[in-house]
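Below you'll find a set of structures to go through.
You will see two complexes here that share subunit A, one where it goes with subunit B and one where it goes with subunit C.
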Partner chain A sequence: MTQYVGQAMPRYGGIGQVTGTTKYVDDIVLPGMLYAKCLRSPVHKGIVRKLDLSAAEAVPGVVGTLTAADIPGQNLYGFSGDQPVLNNEHLRYKGEPIAAVVAVDEDTCMEALEKVKLEIEEQEPVFDMLEAIKPGAPIVRPGTTHNLLEFFPGVTTRILKLGDVEQGFAEADYVFEDRFVHNVQDHAPIEPHVSVAYWDAADQLVIHTVSQMPYFHLRYLQPIFNLPLSRIRYVGGVIGGAFGAKNDIHADHIAGLAALKFRKPVKYRWTKREDLSYSTKRGAWVFEYKTGIKKDGRITARHIKQWHDTGAYGALSVYAVEKCGMFAAGAYHIPNILVESQIIFTNKPIASSMRGFGVINGQTCVEVHMNKIAEAIGMDPWELRFINAWRDGDQGVTRYTVQGAGGLEAMKKLAELTGVQLPDHLMAMSSRRR
Partner chain B sequence: MKQQVLTFILNGEEVAVLVTPTETLLDVLRERLQITGPKRGCDDGECGACTVLLDGEPVRSCLTLALTVEGRTVTTVEGLMVKGELDRLQKAFYERGAFQCGFCTPGMLMVAKSLLAKNPNPSRDEIRSYMAGNLCRCGSYEEIIEAIQAVAAGEY
Partner chain C sequence: MAYVLHPTGNKGGGDPSHAVIQLKPDGTYVLLIGAMDLGQGAPTILRQVAADALGVPIEKILVSNYDNLLPLSVSTSGSRVTLIDPHAVVNAAEDLKRQIREWFAQQHEANPEDVEIEGETVYVRGDRERTVMTMEQVAMGAAWGGGYEPASLIGRGAWQPGKYHAHDPETGEMPNVGAISFGAALAEVEVDTETGTVDVLRFAQVWEVGKAINPLLVRQQINGGYCIGAGFALTESCYPYFPSVEYAPEKMGDYFMPTFEDYPQQMIFGIEEVPHPNGVQGAKGFSEGSASGPPPAIASAIHDAIGVWITEFPITPEVILRALEAKQAGVES
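Let's turn to the complex of A and B:
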């Protein structure tokens, strides 16, 4: 097997991609295939008072509609299990799916959607997560009294702790504080969300998916369809870019429900405009960093607070925030670390996974913070990093022991590649010993 | 809407197809003729994944009304192979891994084909400038440039 190491190998399946024969999900066209489109919430927050689909159903070419009442199983899904498939009650973000129209083509779907009689009692939304945690802020989730996600029942702040930060700050010669704000990002894969579903001759619901994590998604889809797993055939593997966007189901549930109800092949695809406006995002983030440091450059304590805006539903934000917290102090030996994390609901599109899965949000903050500290104490930023870099045997905030540390060696290589001459005492350092 | 017959040359063969006046060339290729090499990305002229050659010139098929290609010649990625042989650009993209997800590749290849037809020996800057309208979200730009340079240098 080692003969392949260091060799450029022809890409698996690559001939299909350069000849245009690879079948992406939107390339699948089946005889008699119908198309679906969702009626989306026109408001950021509100209560559906009237939903009359009869005029839409009367449009020539419309085969029928889907509402929450058509769901054989549960009308909830997602990593946090809190997202309605079709929501005809309390709308939480602009673009939230309310119902779907199924027709012979998408133009007919769009024409029918314009005929839906929808009455909504609009409510005051909240968009800024730090406003959303103030007393008296509009409540995003009906039936609750606050906008904080509970990591465990009653626990709204996730605490990761190593040593005693108060003692660490007392030992420090200087203490530095920084605040960082990260805005929302979209993954923007070139391929929009799409799904094709049909009922096959073996009495199975077949779904062609762009899912990045099919086994998680099968687990979300099964309770919606209320079918045994043996009767759902979930076909994936060809994705036109995802970057975390396709860790959440955007189309499979709707296409699957339509195929179940109408027993015909159904394609449901999002436009790029829908994708950019209403799909899952990397959520907004606010960080506060506080670091205690000795005159010789050794870090004695680091206290991090992070606030993450998950938008209207939880999705994979817990995963992203815990992962971020685990590494937010950086790849440095710090005996006293405290990370406090909160996840906040707002009336924005759902925040979930995006490449780096939350870790890079903390990493960008910590490295800017380190540069500012180095400048403030008059130390070369390379030296500050070399002094504190992880060595084998150091501990991270969740008590993991660092093994095979390579930060120092990576920095030496970086210096070499960028033509930076590092002093001998730094070049003599090794990740194998402190 | 009333349908009309559209006749054009697609990858060397004459085709006739019923279309409505509002359909784009991309709609007709993908939905009516099942020529799915050109991809529907943004469907708005931004990403370049739908690029085809119209009388040898690269166009966004999502912005080209189908009826405007009456009697003209359209080449898609499916038409790049000649007698079962990969085009040099296809070989270079494949062997050099000039893509990850591959969704932008059909568009990239068509623009590169047009570039080399006009300028057989483009500089790096000329390649970058000519390909600027085609997005690769995976970030394979370096490999794409190198593949085009390798073809220009006669390596394929």
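Let's turn to the complex of A and C:
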């Protein structure tokens, strides 16, 4: 018998958060704990010509430094597997970690970072993705000839299609087009990125993390540390907000490497300023929408093009762009859909997952587009949606079948709650049948 | 208005969760599941599901959800936990009850099919008087042995919404989607045509979530989603002077997230339930989607107020003023 499911119950453990007794990762302080800070790229793009850490190492209180040479395993990680942990070659964005200093406290780390002798040959960056795909644009990834991400070798446009959009446009009475531009958004959780790492009595590397996806992140961390899972204990906790920011590792690799090298507990945390400036983002997006529609309001075709700025590395952008594409035509029965997607590298910080991956971006476009169409054809925006809304058994662009549809029911409830009087023929509609 | 969707579960399926429920020696339970809590309440709802599946008071269940000693839950992302993890929990509870029946049958020389578990009471059907034990006695007997056979009463469960299906390289075909939730939103705004600022006066958002395991948390998610969506719609930008990137916000004071001051004077919440065939009791995730409703609803309300369609986000005061100037100059924005 159902007893608890369906009940409005307060958050489990929530009392600790409202009374201030919950322990977050940054609350962990261990005897003899050291702190790490990263030397970050001061330029948007450039080549490291000289990196001399000796003066930094000589600062009293500094225990040592970390560079790419200290990594026991591979100096690459991330969902796309293209991000260096510490990069002392071709820098791709301002704030990219080059090396780290480990000291008795953060002030000492900061003092030591100022003593690093760093010489960089600065190069011309590119920030606007639509500029980055023009011939002759600065190349973000060394050793490549263009700035487009390849979904497969040689394939830079991901196609998702259902039916035949050209035929659908031919059947339409009207065709409408729109272009949308979305700027870059930060997750800005209250808790910045932080990690504490140490060796326990069983010679296991313990890492206290704020990860949203620990098992994925272990798959990034293991090859960096070159340790089997039996020697890593990855402990999460109550996370102070994430919104997708913590689907990417920001601190665990650095804290872990420092603990590996110095055999002491190490805390590495980002400042809020570092977080806002250099962490992963919801990337910039440009969309073009084209819709064919009959006089009676039925949509015959929708063609969407999207360009996504992934910044300096791939991260979760492929996933976000494909997910956006799968749903960007909206929750509508449309027999002919074509979605063409490109992902472009620029010298901005890395774009990755943020609340809703790319779905929110696509939904924003399609719904403004639908309201513009309703106005243009002189149809009530509710009616336009009711006519086209998914029913059970309808198919999306990648041939997924809609089950348990509830769009009409949600709209009817909205009308009821806001005092909108919908005509009887709309109220009679149901997601169970067309 | 806006009518939006949100897919729940990772793209293409193949994203399982695993759960373990251990009967402790005093008749309480520990639910082990690696579902991180970002503040959204994964352990809260999973504990509700476990209490129902075991038929015991919720206070008897402790949830431990953060450590790689615990069973894998792929991630707390993609609004996947509410769709997927409850299945793992229910499967673990059923497995545990099966083990309890077997152990109990062995102790009483009965058939496991004849063993009845009524919440915290266990007995052999037709022989209740002689065989009845409390779950505490069962737990103690199995854990400590003594006059009983010891047994590790630990239930296991795993579930995913279908095997992973990669996109077809040519058509993009990927038929596997765990579930889709649906939202509808309506905004009323006031635009100051002198300063370009937008004040959202009233905002309504309804989500069809299959089954609201915890309506309080659903409401809180809609509330939080409004803030992220309204920030995306109106104020938040890492590069307010793009294409120049030289001025970028460096502290919360220069990155304009909505605060209580920006909250609408009236907020209307709605929950609709169309049970989904893939969900435990019909439940599916939706949370991220609650940020989808505000941007198009607010942009459309702005058009209603000032007669200009704006397709650039965020719709900052500068964007509004430029659009109004363009309208005045007779040029379509």
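As a working rule, the second predicted complex is superposed on the first by the 429 of 434 C-alpha atoms of A that agree within 3 Å, B and C clash if a C-alpha of one lies under 4 Å from a C-alpha of the other, contacts with A are read in each partner's own complex, and residues count from 1 in each chain.
Note that a residue touches a chain if its C-beta (ideal position, glycine included) is under 8 Å from a C-beta of that chain, and two chains touch if they have at least 3 such contacts.
The shown structure was predicted, so the numbers you read here are calculated from the model rather than taken from an experiment.
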Please name the chain, subunit B or subunit C, that touches the greater number of residues in subunit A.
C
State whether A:G356 touches subunit B only (first), subunit C only (second), both chains, or neither.
second
Per the contact definition in the header, classify A:T19: touching subunit B only (first), subunit C only (second), both, or neither.
first
For A:P192, using the defined touch cut-off, is the partner it touches subunit B, subunit C, both, or neither? Pick first, second, both or neither.
first
Tell me which partner A:G407 touches in the superposition: subunit B (first), subunit C (second), both or neither.
second
Return first, second, both or neither, reflecting whether A:K272 touches subunit B, subunit C, both chains, or no partner chain.
both
May I ask you to decide whether A:V29 touches subunit B, subunit C, both, or neither, giving the answer as first, second, both or neither?
first
Subunit A residues contacted in one complex by subunit B, in the other by subunit C:
8, 10-11, 14, 188, 239-243, 272-273
Give the list of subunit A residues in touch with subunit B in this complex.
8, 10-11, 14-24, 26-27, 29, 188-192, 239-243, 271-273
Which part of subunit B faces subunit A closely enough to touch in the complex?
30-31, 34, 36-44, 46-47, 49, 76-78, 80-81, 86, 90-91, 93-97, 99-106, 109, 135-138
In their shared complex, subunit A is touched by residues of subunit C numbered 1-7, 11, 34, 36-39, 41, 43-44, 47-49, 51-52, 55, 58, 63, 65-69, 72-78, 167, 169-177, 179-186, 204-208, 210-217, 225, 228-229, 231-233, 236-239, 242-243, 245, 248-252, 255, 257, 268, 270, 272-284, 288-289, 291-292, 295-297, 299-300, 303, 309, 311-314
Please output the residues of subunit A touching subunit C within their complex, sorted ascending.
1-14, 44, 127-128, 131, 152, 155, 158-161, 178-186, 188, 211-216, 218, 229, 232-244, 246-247, 272-273, 276-277, 281-282, 284, 319, 322-323, 325-327, 330-331, 339, 348, 353, 355-357, 359-360, 363-368, 370-372, 381-382, 385, 389-390, 396-407, 409-411, 413-414, 417-418, 420, 431
